Amino acid sequence: MSNHKTLKVFSPYNQSLIQEIPMVGAKEVESALDKAYSLFLDRKQWLPAYRRIEILEKVQELMKAKVEELTKTAAAEGGKPYVDSKVEVMRAINGVKIAAEEIGRLTGEQIPMGLTQASVNRIAFTTREPIGVVASISAFNHPLNLIVHQTVTAFAAGCPVIVKPASTTPLSCLAFAEILKEAGVPEGWVQVVITDNEAAEKMVTDPRVNYLSFIGSAKVGWYLKSKLAPGTRCALEHGGAAPVIVESDAQLDDMIPALVKGGFYHAGQVCVSVQKVFVHEGIAKKVAEEMAQMAEKLIVGDPLDEKTEVGPLILPKEVDRVEKWVNEARENGGEILCGGKRISDTCYAPTVIYNPPQNIKVSKEEIFGPVVCVYPYADREEAIKKANALPYHFQAAVFTKDLDIALDTVQQLNATAVMVNDHTAFRVDWMPFGGRDASGEGLGGIPYSMHEMTREKLMVIKSRFL
Amino acid sequence: MSNHKTLKVFSPYNQSLIQEIPMVGAKEVESALDKAYSLFLDRKQWLPAYRRIEILEKVQELMKAKVEELTKTAAAEGGKPYVDSKVEVMRAINGVKIAAEEIGRLTGEQIPMGLTQASVNRIAFTTREPIGVVASISAFNHPLNLIVHQTVTAFAAGCPVIVKPASTTPLSCLAFAEILKEAGVPEGWVQVVITDNEAAEKMVTDPRVNYLSFIGSAKVGWYLKSKLAPGTRCALEHGGAAPVIVESDAQLDDMIPALVKGGFYHAGQVCVSVQKVFVHEGIAKKVAEEMAQMAEKLIVGDPLDEKTEVGPLILPKEVDRVEKWVNEARENGGEILCGGKRISDTCYAPTVIYNPPQNIKVSKEEIFGPVVCVYPYADREEAIKKANALPYHFQAAVFTKDLDIALDTVQQLNATAVMVNDHTAFRVDWMPFGGRDASGEGLGGIPYSMHEMTREKLMVIKSRFL
Amino acid sequence: MSNHKTLKVFSPYNQSLIQEIPMVGAKEVESALDKAYSLFLDRKQWLPAYRRIEILEKVQELMKAKVEELTKTAAAEGGKPYVDSKVEVMRAINGVKIAAEEIGRLTGEQIPMGLTQASVNRIAFTTREPIGVVASISAFNHPLNLIVHQTVTAFAAGCPVIVKPASTTPLSCLAFAEILKEAGVPEGWVQVVITDNEAAEKMVTDPRVNYLSFIGSAKVGWYLKSKLAPGTRCALEHGGAAPVIVESDAQLDDMIPALVKGGFYHAGQVCVSVQKVFVHEGIAKKVAEEMAQMAEKLIVGDPLDEKTEVGPLILPKEVDRVEKWVNEARENGGEILCGGKRISDTCYAPTVIYNPPQNIKVSKEEIFGPVVCVYPYADREEAIKKANALPYHFQAAVFTKDLDIALDTVQQLNATAVMVNDHTAFRVDWMPFGGRDASGEGLGGIPYSMHEMTREKLMVIKSRFL
Amino acid sequence: MSNHKTLKVFSPYNQSLIQEIPMVGAKEVESALDKAYSLFLDRKQWLPAYRRIEILEKVQELMKAKVEELTKTAAAEGGKPYVDSKVEVMRAINGVKIAAEEIGRLTGEQIPMGLTQASVNRIAFTTREPIGVVASISAFNHPLNLIVHQTVTAFAAGCPVIVKPASTTPLSCLAFAEILKEAGVPEGWVQVVITDNEAAEKMVTDPRVNYLSFIGSAKVGWYLKSKLAPGTRCALEHGGAAPVIVESDAQLDDMIPALVKGGFYHAGQVCVSVQKVFVHEGIAKKVAEEMAQMAEKLIVGDPLDEKTEVGPLILPKEVDRVEKWVNEARENGGEILCGGKRISDTCYAPTVIYNPPQNIKVSKEEIFGPVVCVYPYADREEAIKKANALPYHFQAAVFTKDLDIALDTVQQLNATAVMVNDHTAFRVDWMPFGGRDASGEGLGGIPYSMHEMTREKLMVIKSRFL
């Protein structure tokens, strides 16, 4: 090993050391790249579709046998409560299934010929090919499922992939890598590198890499994109602001629990967490108060405890940041309806803020913590304008009974997905998913990622008989 | 000519003779079939896509130059008012354009191979081929546009077609055939036969015919289907009952004019005319009365007059039939809010009936005349059940502001298309269109017809290199 | 039970009685129809997609545990050799998987609005709905896999289904029904009826049936189609003649074994069995002789023996028929290169006939037995014309190295699928499959059947905000 | 105007001044951006689909009336011979038609819900929206058609577009802008800026731009991509090396004229020009010589002369560059079979070089001039490796009669499109078109560009009734 550094993985909840794992340096990264690129260049080593399908079916089987173990690893290193982590594991298994099924959809189509005189006597078809070596940089908030999204997709599409997990949550990734190996993934097709940012940047900007899959902060994502080698494509998944529009006719009974779940799931550390709720002024205070009442009762604590509903933030410095932002809101007139304080060095109380001003952090930025702001509005058009003016455009929501208003709000909100009468964090792994504008590039969702990791080749056959 | 019969075309409005045209008999029909089948068998005579496109662009150009003439011919023989006939002509031109555009969409796709070990070393694609000789039997209510739907689709798809227009409205068809010829359609690709029903039945059941396009009564349609030669496919477009569900929150200002237009357009002689309107009891009488007020003001008269809004029925015996049905409704407790009487031997007054019983003709059958029934309901589920229990399932509608109710009603109504906050007779020529269950088989809509007039061929290539 | 008849199931190989099972009569069939139709009408009893998926995954699991048992049942009652029957069982399991996967593809699409001024302010989408009650009539040659194709497709698509297995091979169907039950298919969704033809005809022509899936003889299929209730759709899968064109440059090493497999698999009792091989005269005799040499060595015998390559015909009278046809060929100048005689009352020797005349049974009809005819040709165009002139159009094949000739032959052969350098009996269960013209109607292949068992509903929403 | 510079447009053939046109500076560019962005933000100003279609149909009509004028402008400023320029104009008209037709294909689809228990009670659909402001930077080699590809696509997709034409060929662009205006394109939707590179860079990197369409050199393209604002997507179309593989069985009669046309069309100044022809050694010299014989006879001269087959290079310095490269080839052992010298300051003679070494300019780089290299090979695999090792991957070709070899070569060549038995420069405007790897990003071809200029929005509706 060219490098003797190690990575210490701590519990985000109690800061205890979970495990210390070896890191690799530039030399090992180069060797991984070389291995991956060689595989890609040598078609004889490519795995036929049925073999990839068989392996991924085996992967599902092995995962099903380890649900408990995978759940605990993810909860321990990532801090997402046990129950939600188990949901993540089940989704990850489903994700592998989706990828296996999608292999048969990586197909081409006929391109018509002869529509002009110049193109007669030809027949043309497209097929889809793997794009090349994929490099994935992952995030901490779904330590297992994101890895599935960023490796299994590539493997299924026929691309060798090298993945760098989040430095806070590498253990789920390593556990998954073991499963892949046991299931029969041949050496080199999915490689994990535990390395520092410098080596990771060197890796993703290498010309042998043809696709970067990045989940993380906008700052890093757009920076890396600007450094990519010519010809390297990328998918960037950054944060969102997740605006919600609540009309005066919204059905509150269903909505309040949905918004509370959507806002405080994983302590708000999800790119589509409910954060800014614009409510018609006639019911805004009532909505905020009902949310606060419910949020207050959420059980905050040890993610390994099955009763816990909200766990820690990923790092103590994030608690500091959230604390500062909420204080700023309080000082500028935002009304703190619940929470508004840290519980420990690692946990922050679920917080609902009523009507903070627009020019402060909680209003302008992605909060990525257990804080939801409620803003009253008089005019829906104005609320939509404010929502669209937020720096990020990812998922959004509208609550109303009215068909016309629902359609119009969906139409006007700048977002990749708009939920009608549901919170912004709704997601299934086969739907298109990804930020637009500054929130990201390319499309997630397993079938979509797989299509982005392939490219079409057109074959035009000319024949006197056609 | 093997047959010296002629066909007299009368004005449905004043019963004057418009034109007398020669009919053909079995011998000429056989000769048309022979010609069409020979063309189909001889690939060298097939027209390349670009040539079909060029011709259809020329057809549009020629039609645009004859809008006035085509409008008058259609209005005179079919009785649809001038203004609506002009809309029909414009739609017919648009239909030719849609067909020309769709030629480039008659494409195949890749079928994946290698998903099992038994299917490796193969690559597979489909292409689309013309299905063979098409025989079309047309109806009177859109004398030009239906002919476009039943001939241009076939020609565009590469199929020779023989069309028998309705015996009441052959002139628009003949005028269109002239245009096709002038535009360069080579002999035999589109043939018109003016013949009797016996010869027509012989034609459509001939084994050389591979596709029957039939628009007309259910009785005749299903009969013909049962007589088709083995291997002949068909599209049958029969009538509908066009139920409408009106919830108590419906916005009446927009709805009343929509329902009146949808109910009395072409004197109700359209397969998707509004006929049975189920209205929440809280507003049912009001809705019926407002419709009646509006219907009463409709100008009934000469279809060639630009002011006319409702013309004659196609035949005097249809006036008799409608009269009898309305009388039956009146005698059984239906409240006649307007109309309810014949205006002349050829015209019947626009009629709104409130709450006729369910077991009489106007409730049980397709009315195909200027009569709309309004039924109050207490429970939406019950109304939907009644709507679904009608003998025909074609287009339907629901009026409500409520998103959930709209979706649920769309989901529950048995129909090929459900309009939300619009009348049942809405149609554009590129949308899927056709009855289900007893209302018909196959799909209309120009692109859909063209796809049905082609069939896929799969090519599977095995190669040691794949 | 309204009927005390029983069905005796015999071994096609040694005519021993395998099992005697009770039959049901008109009353039970009516009750099955009533049950199925009630389920379809009551949306509350419909199974959500995820539940259907779960059940079908359980079905696969149960089948995997019973491969041996299912194989023996199928081989015993149907006579297909053990090894090939095991392949059938594995394919059946794969078929259930394909159906489960396809549930998520039963989706609709947006239909554009606003392309003309008359259609602005609207948005439109289609969805897919189950078509209604499905009635399936099955065939003997794949006693398990056809049942999967004709029941699981319906269940997966959300349609209640009633299946009548072939009277010679009901046991695999009953075994599969047990598995479905054990996997959690609720009562009524998949019902098996062991009944006579009269009751079966009454069932399929009942207006409550919305879809007939028929696999069997053309005569019965087209007859049943002509009797269907108005509105009932159908898929008919009849026989084929499976022509093969062999150019002079064909690579014989791979071709001979492929043709022998494709011709004598299941004693030729498959609708796409290789039957008529048109070979360029330069190599025709050589090809025929090499095929004969290989065919002669095929082990004919007990289907339950793992070494058997060709088993019995399904009924002794089929041996009589084949004997008669081959004798006719011999008497009319066809040269019998191998076989040409019965081995027992139940088995006929694999037979290759060189150049029998065109006007006799083996040349004009589907043979459905272990007989392959080889015809020399001088001109490829002529060979194609002869192939197309055969009464049936299902799968076909061409062997050549030449790209242009391959494409041209694919283009000219009248067939639903043309294999290039492979035999005509190639099939995977996800590809489109079905006869055209007299060979059948509708498309098989699991995804295609599922699409045919659903129908689109269009929803057009009008809104002033759009 | 903030800037008093002008742009002088010279004839590339005789260097005469054709026209002097005013340039704009940063201020006008800012104002164009502001105008475009305002249009995009204000949905009320968006043009409905039918209006965009009507306008584009008018555009076609106006272009058809000006074919001669547009041809001469393009030929005069761009140097492409008259006959080929006329083909370009006809293709440009066809391109406008394709764009108009594609408006109706910018549709979404249903995304299935309920495949897992967590996603029941929902229905989901996607729609497509315009991506935002498009900035286009165009190239000289198709002065009219590229402008159509880079502006009409955006307009049709509903995006405001600002285009900077090549500084050598702005006149066709300005003429087209006049046509757009006359056809009714409202102000601001398509803006032309004649400006310097600095202002252009500032424009395309502005955050208000959401899509960059760039056609030009790889160096500039990848540089601009690295400078884009976060969230800006791009399509880059750079050069290619257009390798051709010729097997020993290739049919030379058709091939030689195809390669000569593909190599010397527009003096080789096309990104898919035939440049490197790898020929089986058995026929390599013969192929090269026959190409040289044909190339020698090409008429080089004034592009406005109808007899001219090859015109000037776009700038005299390009003649210098080509001269230097060919000299390098000659000096390093490449055999010059024809041409190999300049004809004038602006024209270079069509040149065929036999077997130049791999490490010199003509072998390693895109030539972009009237020079074709022919390389003999012994082993096809080696030839493919060399072809793939070229720096660019765009279109490629293979000539062979053999089906297996054709498929294998298509499969192995790294290219977006591989022509079988046709030259590499084949293109129709509706097919996917674009470089991969270093040759570009994103897809051209009018329908593909339009799809890239839109993005999907997902709407997920939750309802208790679903």
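When the chains are written out, they are named A, B, C and D in that same order, and each has its own residue count from 1.
Everything below uses one rule, namely that a residue touches a chain if its C-beta (ideal position, glycine included) is under 8 Å from a C-beta of that chain, and two chains touch if they have at least 3 such contacts.
Note that the coordinates shown come from a computational prediction; the quantities given were computed from them, not determined experimentally.
By the document's definition of touch, common neighbours of chain C and chain D comprise A, B.
When chain centres are set by their Cα atoms, the one at the greatest distance from chain B is A. If each chain is reduced to the centroid of its CA atoms, chain B and chain D end up 45 Å from each other. A straight line joining the Cα centres of chain A and chain D is 36 Å long.
Residue numbers of chain A whose C-beta contacts span two or more other chains: 104, 111-112, 115-116, 119, 123, 126, 403-404, 406, 411, 420-421, 430, 461, 463.
Contact residues on chain A toward chain C in their complex (touch as defined above): 101, 104, 123, 403-405, 407-408, 411, 430, 461, 463-466. Remark: chain A residues 43, 87, 94, 111-113, 115-116, 118-119, 122, 124, 126, 210, 218, 222, 226-228, 230-231, 233, 406, 410-412, 415-422, 426, 428, 430-432, 436-439, 441, 443, 455-463 touch chain D in the complex. The touching residues of chain B, counted against chain A in their complex, run 48-50, 53, 103-112, 114-117, 119-120, 123, 125-127, 400-404, 406, 420-421.
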